[in-house]
């Protein structure tokens, strides 16, 4: 077995700033000794390693859907889908992350594009994945042999180590958002991958997957699946349920009853129906609806998130940035950056984040203005 | 608020290797479009992002205690301890991690050195920390005002957001191992830090801390602390308990009773006495004792660890490396690298790892030969 | 405060059976001494106290719905509903339980009857309660101010310490099944009760309760209710969901896919949508559908249950009893009694049990033939 | 299979009190109809079934140790120990519980007496059991083949379905307290019992059991037993640990540090070292030390408990009762009865209760004055 790293030299860059010992010849000799032995003192690094508050390298950034879609369509012309490349997926590369294809230090987000008749071959990997459909239809994702239709507004899960492939049965191309925890898994060296069938293992095109037929009944658990899995067994969260849950919260608000998370702000979290926890151990997914002219409370929390406009238009501020946003636009909220949404029209937002990671490690913190 | 990153350009480096589309002018134009829009396709990156098995950049490496101690003592001569630098701690810099002061992608490990009369000022941070004492005595670490004496073989905890400082009341310098989850907290942007008193808030030098007096009684919980905390409330795990637990396992083996984890291999995990879980949410700590001429089963697991010889000598193999090891030596086991210990003499090993992170995310995997 | 018990004498009834000491005068004197000091030896009692397998005093028994309904209607003529009596509820009294109004040692089951315009006044109690509607409509149960319509096939929850009252807005009387853990709460002395409003606190008659509008969306959790409660916040489980979940399982079986719990046997458990656990900490509720001519596997488990035929007809065996059953019939399965259902027609069965009590105490055991 | 019950008639005893319908002939006829069909209305029973606060039938009561010990010694003369009777155990029969051998509705408490050379044969049962040693030594209890010495002040566990027998290797008789959840298991029909060896399966008389050698190290878990069991694997909680934990709390109080549960009142709970939960799923065990002249806060809680004076003398009030108590005396606290202890001398109290049952069902309530 080989390990794909090469040894890197250690260099101690001691500034002349406050709190550093005077740079004498003896100190320099000590530092050279550290370098030879692959050692780095804390006192030269502490400001960067242990800042007073999170100083994420990831930057707030916005990607326009139109641009993404045009480039994805062009890739559809030029780049075939198949074994090896596996997916025609084009990832958001956060400008603060040194050219890596990461939306944030933990999250990967991409537009995936599949033309009529194309097949993305089956594989499985330890990374957790989902798709969220901003528009189009006609693709089925096949999860452990169970075909799941993808329709506008749906959230579709392929949790870690589940086989999955996609095929487009429609006459038009289809594009959607892929979300995964690739950066997290890569950075902690937890990546496993296995190739499967070159074609999907089940060509059926049912309207509802077996998983939904078993699990998409509110508050009901099939007795045949009594033992809980770490990730949700419900592979599809359909738009009609999400939409009606959000609509109901706003109606309750209209009637003077509690239910919204804030004035004019309805929100649901997608959950594991067998445990009530997040859909996958490392990923949270939510949907937010902000009324026209309403705004969310300004809020910052430890951990990062990716947001996509599903419908409507409005404004978002992230840190010192402010953007007008419209259908399909995607933006990133780095850790501890204050964020606020305002509805121009009624604004429907899908979001996913790494919050479960922080909660499970006791690292979660939230500040709401 | 400012964010300390600068935008980085995106560059798509498409190899000519198998499974890549032909490098036509049109493709190059598409790739330039991706770069302008801060996008990176999956198909050029997948091999590196999603390898078949973990391919850690961190490398197996060994640091010799004598070298560390000499350099630490020299630092004692040249570098004062105080506010700003905070600690005279010198960290292991894994040669695969690009010159960062990280033992592994999640773990920070350092030798800390404190001369007679010196004080490491109080601070607190979100990162979880512990000390393990390979030799010496006479330092007290003060945790939230509770003085905890540090003695050879002890494990001392300062979980996230607990105030702590150290002061040396002895006539000789003292050195020990510091372990933290700094790299993890840094990479996921969960770092908070606060300065406290420049001197320790409590100068008492009791033999046992208040925490131990309340919690270090086997199977007994003080009723005054009925609610459990995420991290262990027991700030000191004393050598005499660890030693007698390990000795008992080997005696049971001698008597033909079960108790060891493998032939000639005794092992205990340090746990939260109120929950039985790991001492801190992101860190596992264990102690292993291997009889002379015995060996552990070869084993690899997802996640990384740092090991230190407490006493004795023997041999360790990590991946393709093999080292003779002796008192104080430290080595690193990257993710998914097979590891095996052999006792020359009876071999006593302290280790810490990031295993709880993987278990809490469902990413844990173990293979034992 | 007074305690409503009177001291009872202790009498030791020592049989001449095997394993008893010879009944000498000295022994008799010893036994009189025990009695004076309120002591009873184990050796005279062990067979009854600690039998080899559970020997429930509760007996398998069947109640016919027609009989219940007739008597309930007659009670409607003669017995008013109001403060003091609280409910026109008529409980199943297991013939093995000494004339107590208990279906089993832990479960209370009753038919409740409410005539047009009647109001069952509001109260709350520590006991957990639910209603299951076998027929009729037009009653709203008001739970903590939230009106919940009761319709055929619905399961309605009023968990411990929630205010609740009922009022009939229809032109016809309505009857339903009440299930509570009254015997358990009484036997362990955990009973609290408080009177509320004499009329229901909310006269609205919405088709869906606020609780449903927030919670009855599969796999979706309202962000405004992030903290989980011990009991389900979903106060109504509607028949259309239960029916379609069961139908889907049988369709999956027709298609050769897994999903049923056994051949021709579909089943769902009603669960807390925020945790996936049972609807209330002491009560399990399930719905079973057995195809015509199919039968369930014979099964016995520790703990007791009450079953009601919702629709269809068939046969049930409980221990040595066998009954033909039809719509509305109720029967009791005592602890450790083997039970099996056979469908005459398609047979739809509601059941509730005390299984969570046993699982939470580690007392659960199941045997399936 | 036969069930040991006989059908009992149902009788409706309707008082003329307030809120009852007028006792007309028609009502009487209705009630006779109820009785024929084994039905009992709620409105005649509700006051007894669902009182405003718990009205336990169990009464506060005190048993004097001297009386128990004399009678137990006399039983030692007259009643042999062996298969069938199983144990020379003499149970407290609460005067409110109708002559049943129950200390409370859930708890069984007995003095067990074993003469030199005697053997209590091995058996196992689903009921959870422990022994607490008020005086004497020389008996070993053998738990699943592991001999556990019983010494003054020790708590020894035999959780449900573990084989266990006892044998006296000393020259003097020994007596101790047995505590079990027999009444609970009997009332919910969860009783299983199996006979084992007539002699103990292991005659060794080690000072420490294998269980202790593995588990009685504070905050340390043997890696060979990584999976947790429902009950504590630590079969002996030794007096020296309990004593030093209590002493430490009072010393902390003397030093002005927190640690006691109230002024002059130290207390520990015996816990499962692998989970921090109660020693067994249905039983809590604690030890309390009250300084001379100190008193505990008056407190009442749902659930019942049995207390024994281990050492010292003082006063206890339970409900309206007040007793002077001395070494070995036992008393019972029924549900929701206020209880308070005062130290005459320093007062050491062992107690066990059914609190985990209430906590696991969400039925727990506590009121402290």
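The chains carry the letters A, B, C and D, assigned in the order they are written, with residues numbered from 1 in each.
We take it that contacts are C-beta pairs under 8 Å (C-beta built on N, C-alpha and C of every residue); 3 or more make two chains touch, one makes a residue touch a chain.
Since we're looking at a predicted model, the values are computed, not measured.
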- Task: Spell out the chains that contact chain C while also contacting chain D.
- Result: none
- Task: Determine, using the mean of C-alpha atoms as each chain's centre, which chain is farthest from chain D.
- Result: A
- Could you tell me the distance, in whole angstrom, between the mean C-alpha positions of chain A and chain B? 29
- Query: How far is the middle of chain A from the middle of chain D, if each middle is the mean of its Cα atoms, in Å?
  - Reply: 52
- Message: For chain B versus chain D, what separation do you get between their C-alpha means, in angstrom?
- Response: 44
- Message: Which positions in chain A are in touch with at least two other chains?
- Response: none
- Query: Considering only which chains touch which, how would you classify the arrangement: line, ring, star, complete or other?
  - Reply: ring
- Item | Residues of chain A defined as touching chain B within the complex | 1, 3-11, 18-21, 24, 26-27, 30, 33-34, 37-43, 45-46, 49-61, 63, 67-68, 71, 74-75, 77-80, 82-101, 105-106, 108, 110, 125-127, 160, 182, 184-194, 230-231, 281-282, 302-304, 319-320, 334-338, 354, 356-358, 360-363, 365
- Query: Touching chain B in the complex: which residues of chain D?
  - Reply: 210, 213-224, 228, 232, 234, 237, 241-242, 244-245, 248-249, 251-252, 257-261, 267-276, 279, 286
